[in-house]
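Every chain is named by a letter (A, B and C) in the order it is written, and numbering of its residues begins at 1.
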């Protein structure tokens, strides 16, 4: 089937639109840092929640203590009739997301709306590209990067809304903008057909899984950088070399919350990556006659898997939690990027279908 | 714990010995100290699979038509350097043994008609060869002897069983030794 | 009575992580009077610790890096040879370290074997512990439930309860089971790979259209049997390549890119068996009697007819030419005529499928054979084929030969080249395609897949399920009974315990409010 060039142009237009809208959302997130509503002092009930949160942090328990800086006031839970309120302390139902966004201020509202719009345009770009080429739109480097940043943006939006993590928006969406921009300028490929070696439904399954996993690990990597930054700042404060109360850091989630968020992101992505490797092995067996041949791309996918597995192990090992674990996680993401950019393009192997050369 | 270690070590030792000891089988004599030239003793000779094909000259040929005679069956190809190297020796063996009633038959593997005929012309091959371009005859024989490539020379006794084999370039002395055993015993 | 312990340790009182300092046993041998058994125990404890597992994982990742950067013997033997040529001083050292066969090297095997020993040594005791803890009841409810990570308290109008009523409940044992399943499944993958290496084989064969081959050792171009495999284990099928079609994109930005390949084959599963037909395409292998046949590549085999000086036809066959790196299937090959007389003849040739003359040189502008020509250089002399040493069919050793033609001669289909000195003629009579087939058998393939899926399942279980305990205590309150609910979860990877606890507490409270107390109902 011939390529639908017109739809290809539509896809490009959507992508440019997404880039512009994302950039605006980054500005809005940054604006929240600079001009956003200062976090309200907690009310009495909210104070209880704050105390509890502080106690929880001391106990080291997992939980949504990420509520603490972002919840401006406790929701008005109607007290059950006839019950003495004094000894009551039920867990408070969560404020609905829409309300929380509105409460967080105009900048956050604008940023979330813009991000949603950007993601919609981005998804439209990916979908129209797929329709233009009559196949899953991740068959070369350009399409892959476009798709993975879309996954990262969608995933982050879910995290943003669920965990009220507006302060992380500038970092993640900023990274998405930079990556998309680089892809557009450096590795753009017009819509085209695939070589027969790639025409298989296992392509869809394997590369889809890798795209999803890479998008998720992308978010984890950005969060990891934020973690290391906040951690470094905390250490410098502790050593007396920096003044406490840095404006940006104060607004960011705490170290434990960042760590937990990153951990949960990787926990989400690791099974997807594992599945992608298995699907790739099935596809390799169909196309090349063996399910694992230590082809350079296969080897680096394995290295990436081992490094993320090391991250999960490190979190359960005394002395390796915290900063060191995040170094490992970032090393894993580096190997992933190295695999995509260098190994697939320059190191000759069976995988050289990046379509760049 | 010590008992477990001793038992494990003993089991390992037994396994190793079994793996390495199970090599030699009875009834096979190695002519040159290795398994490239072998003699099969009576009663341990595999039955040569029947085949029917056409010779290079175009006449139909069946292996079973040689029943009652000793046959030297040589797998060769004009493209195969070791086959070319052994060709003079084979021709000499043929010249010596054919008058005595030993038949010689070639199986031309993965070859084209023109090249095969040129080979036969040049080396003065004085016996017919059947063409086996898809190597199905080799496939059949590889089920009974470890036929791994060309050249391979088999000596078949009058009852149609493979009595000896050379799984590489054959020398005059190897073939003579095998033929002496086979014809001397009378089959 | 189980109180909540210090934050860094596991609030569950199962045996702690191996790195927990409170774990019984010496962390390092002390005192010197330890003996061999003591040292072995210490070494074993170190090996099965998370720290060593982490180090081994690093080593595994690090050790794989040279396997992807340097050419490897298994994938790219000619690349290894080239490396020796271009790095004559460095290459032998790298070879000593096993860096040209990393994944088969003993040191790499040592890393993953140690890792798996560590894995087994950790997983097996934990399996027993899991079985044990699943059988025992959850512990008593702590006295101060408010100190737990999650707690709730509400008052009810129910009659005052007796002091000290409590309920404790525990869920989520499948998490650890999933974790163990994952690690054991990885072990299964290793065993499956070993199975394939022992009992599997890989073979290659180039097949010209119109020809047949039988799956026997002498007919295979390459045969790599597993350690316990012999040639007798090959499945006795025969395959004929009836027709091969390749189509290419004819116009647009992707002109020249392959569009589809299709090989029509006939085959029999054993000699004399029924003849079947089949299709081989890339990504669609054919399974024949336990072996799998893959279409790997294809090319052109031009036909040549050679007549020697005496007028005899000494060669008349399609000759596979191999595509070079210049693209569009410009292919190179060699014709050897060892039985030409008086002298042996040899030709090196280039086959150009769609030939266009660009400033004096021939180039191929399209991969399909729209305008096929062949360019030949002729030699006469000693090919070296009578020495008994095997040669490559694709290379001509001209050291014992003399060049007959001063410049490459171009032939169209049907044209002949008359060799100088009356040495003979060569005619380019036509061309046929060839395909390269891979024949493999891997008994470890299906077990590896099953273990991979099991690993994935175990992973998902261990991430989605959380081990948690909930306690409820009732005591007399101001106007009735005060109910306290408390709960805690072990590493809650996917989150969600807070919501679960909140809904559980709300449900309990609602049940109390509706007065579903048996005593009340009796009144």
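Assorted remarks:
Operating definition for what follows: a contact is a pair of C-beta atoms (placed from the backbone, for glycine too) under 8 Å apart; a residue touches a chain by one contact, two chains touch by 3 or more.
Note that the structure is a prediction, hence the values are computed from the model and not measured.
Distances from each chain's CA mean to the overall CA mean are smallest for chain C.
With centres defined by CA atoms alone, the chain at the far end from chain A is B. The distance from the centre of chain A to the centre of chain C, with each centre set as the mean of the Cα atoms, comes to 28 Å. Between chain A and chain B, the centres computed from C-alpha atoms are 67 Å apart.
We define each chain's centre as the mean of its Cα atoms; on that basis chain B and chain C are separated by 40 Å.
Contact of a single residue of chain C with at least two other chains is seen at no position. Residue ranges of chain A in contact with chain C, taken from their complex: 2-3, 56, 58-64, 80, 82-84, 87-91, 93, 190, 192-193, 195-197, 199-200, 202, 263-264, 267-268, 270-271, 274-275, 278, 281-283, 285-296, 299-300, 302-303, 306-307, 309-310, 313-314, 316-320, 335, 343, 347, 349. Chain B meets chain C in the complex at residues 1, 75, 78-82, 84-86, 109-110, 112-115, 118-119, 121-122, 133-136, 138-140, 142-143, 146-150, 152, 169.
The part of chain C that touches chain B in the complex is made up of residues 37, 211-219, 230-232, 234, 236, 238, 240, 271, 305, 308, 312-317, 336-341, 384-391, 393. Against chain A, in their complex, chain C makes its touches with residues 4, 7-8, 17, 19-21, 50-51, 53-54, 57-58, 60-61, 64-65, 67-69, 72, 74-75, 102-103, 147, 149-155, 157, 193, 202, 249, 252-254, 257-261, 281-285, 292, 294, 296, 438, 440, 442, 445, 448-449, 452-453, 455-456, 459-460, 463, 477-479, 482, 488-489, 491-495, 497-498, 501-502, 505-506, 509, 513.
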